[in-house]
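Each chain gets a letter, A, B and C, in the order it is written, and its residues are counted from 1.
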């Protein structure tokens, strides 16, 4: 099967999942207790006109199926209306917050790879030696540390006590020295556990690959150990790491929800938490939809990359 | 081999005498030792290939270990006990559980009577009692972990807080397991449209991060009367989001197990599907699920604490570790470190211990396989 | 001086159940151009012995004693770089399970060419041309197209041919083939054996052939070593071994080889299974399974002797030696077996008997 047809088949599987993701997100306000209008306005008392306006905007007088399709049409054109709580345009709010989250998530992901990959290789190659045991415990500690706790401690030590980093984010644009410097602590907070996960995954998959006959065969051919590890073993060991990139994205999003709040970083995660606390459900709905679609597309991309990396998958 | 080239010279060579001598030896072995005979006389042509012949001199423990489930568990426990870090993790969990249970008396009250189930009280103060000491006091002899902004004893709160965290982790994972294992096993075993339907639901739920999904579920569950206090809201939210992982994992295992001969044989004998799943498929597919569930207790505890930290679910002011950290945040910015350090350390210790135990179980159950191999669940 | 001399080699594996002495003091030599078979049941330590030649034992295995001299230099004393220079260039290996020998994510051609580039001073296109010639030489049709194939795109037989091509990449002086035909279909096996036979006949490469299949040995080898429980129990030129086996184990192996024309109800077998090498039997390691064993076999350990004279092995690889107490005159009852050779006149009788066979 050619790569093109594989991608086509994979796309075909993605469509029902996207439908499911949008349907589930759509039903969110309907699953909330009480009337949908009450849910949308966050259970506040509103005037009759406002209620009528919301009924019209959300097409609540139509059958549920039509409501979904109309909502979907609006969602595709990024028309999420206004927040009944803040009165601001939902799409614009998310559009303003998204770059900040992408910057933080991207930085944390790079940090995770930069630490996780070399550490994974070193610990896998030195199996049974002290380096492996130290690495294993460090990774477990990284996974076990609650990111909100780590964030608070970093904030306390480096911002409050040492005064190295600002406590509040600068007003400067996203791409500026002040912002980059501010991002150091949140990036470490968010990236530590992700790095630990990458390291553990790479370590175990490399250990498994190192036992494979082709490794012995490569050594029997007289290839230098560097080539054996970096060209042959790593290429295969990397495949499982690639497959969890989608899960990693979900993991980073979860982390961002917490970490952005600690560092007052104006991203989507903080917006989500704030919206929950003030019952701004249309905003929550839009954020959840963006996250869900992003992860579905990331998984699609991962599978395509996997097929390119692993020739066996194209049967 | 001679089928290949029946005309070569060696087709003409034939050994006479060895067989007769071997036969005599077999007979004498059989008469002298019945145990020995089991392997050598039953069917010599099979025994000689060394595949099934049970010779008492060579039968090694590892070969027969996988024959009986009892032995398998016993061996796994033996391997687990040898794993020092896993045993240390187990000890930490037990100590934390004991401290949580015996922190304050547990009573069940009805209108007339109050039954005390557990009279001990390790915690010096009532975790909800305010101003048992000065607010935000650093650790001292009277208050080893200091006090929080309301002058509540942190030590007592951390001890009692273990009740929330540990039980949420345990109950949410157990609930998720019940749902996930059943649905996953059904999907994998029956295949077809049932599989398609269940797995598409799994795929859809997988598109939402654990914490984000839980955050969205909490307001849906909150007003449901039975769930009442935030505790069950958190548990159900975490179970609803948690089952998909198990379903996916066990489905993959079942898919591989159901192709094996003993399942085909059981089906051919007319054993009902339910029995096959329960007796043959699940027990053989459960090992990676056990590992996953153990590790997930850690994830669930972290997520529950994150929910508490964000002020969702449990009532504010609860002695839950995550909620305590959230309250410590403002104290921290003023320089009072102790309010955040101890609850955080408690979460860290517990999750670390769970991970050590999970790794230990993985190594003990499947020394040759990595339970967290995500490759097989993606394909 | 022989090309490859193995002297008193001891290999141990460290397992959870104890130390396994997979190879316990074996010695042999291989001269340029000859083909030597190493035969035994699985678990006899054949693979460990041949992997030890290139120091390729996996983590749990260790060479604890002996010498392996290649062109007079002890391989066990070589630096990592010197060893690497020999691997794949002077001594190459053909592994069993060809499907797993290639790295699945690189093309077959790339992996063969990589070997050439590692050892020879060639350009990429020279390495490529040479690889295509090698693929052609091992009998894979359409070699230029197969160069770009991934391993899983080849059939099992073609994979094994490609493995042989990879081993031949640098014209090695010694080729160690570890069960090269195991797991292949009978017809495919025949093709691989033909290829190896042609190789043995036409090239200067010496071959050490490790197998459990006496039929394969008969077809390819000049000399045979029979290994049992980590020790060599018999060494002979190939014809001597088949027409005049001396060690009871060899006799048992030969008797257990199925052939057309057998009029027996079932195949004779060697009773029992290969011994546990953590705690090997005392005395002669074969005695618990040997139909001719006597009391002394359990206590006295036989060494390789000339069966005719009973004198110790003189070291000449062409002499027939066996390790059985019979040849040092210690057995009372002796060995009671006989080798029958049927001539061509029997052939019609063979036809008839074959039909009478149950399978």
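Just so we're on the same page, a residue touches a chain if its C-beta (ideal position, glycine included) is under 8 Å from a C-beta of that chain, and two chains touch if they have at least 3 such contacts.
This one's a predicted model, so the numbers in the text were calculated from it and none came from an experiment.
Viewed as a contact network, the protein chains are fully connected, with every chain touching every other. By count of C-beta pairs in contact, A-B exceeds the other of the chain pairs A-B and A-C. Note on chain placement: the centre of subunit B and the centre of subunit C lie 46 Å apart, centres being C-alpha means. Rounded to a whole number, the gap between the C-alpha centres of subunit A and subunit B is 25 angstrom. Mean C-alpha position of subunit A lies 55 Å from that of subunit C.
Not a single residue in subunit B touches at least two other chains.
Here subunit C touches subunit A in the complex through residues 51, 54, 56, 58-59, 80, 84-89, 92-93, 95, 97, 100-106, 114-115, 118-119, 150, 152, 163, 166, 169, going by the rule given at the top. In the complex of the two chains, the subunit C residues touching subunit B come out as 16-17, 41-43, 186, 189-190, 213-216, 218-219, 242-243, 245, 248, 251-252, 254-262, 264, 266-276, 278, 281, 288, 290-293, 336-343, 346, 350. Those residues of subunit B lying in contact with subunit C across their complex are 1-6, 8-19, 21-22, 24-26, 29, 39-40, 44-45, 47-48, 50, 53, 55, 57-58, 60-62. Residue ranges of subunit A in contact with subunit C, taken from their complex: 127-128, 211-214, 216-225, 227, 232, 235-236, 309-312.
Across the interface of their complex, subunit B is touched by residues 16-17, 20-21, 24, 28, 31-34, 137, 140-141, 143-149, 152-153, 155-156, 160-161, 167, 200-201, 204-205, 207-208, 239-240, 243-244, 247, 250-251, 253-254, 257-258, 261-262, 272-273, 276-277, 279, 281, 284, 288, 291-293, 295-296, 299, 303, 306, 313 of subunit A.
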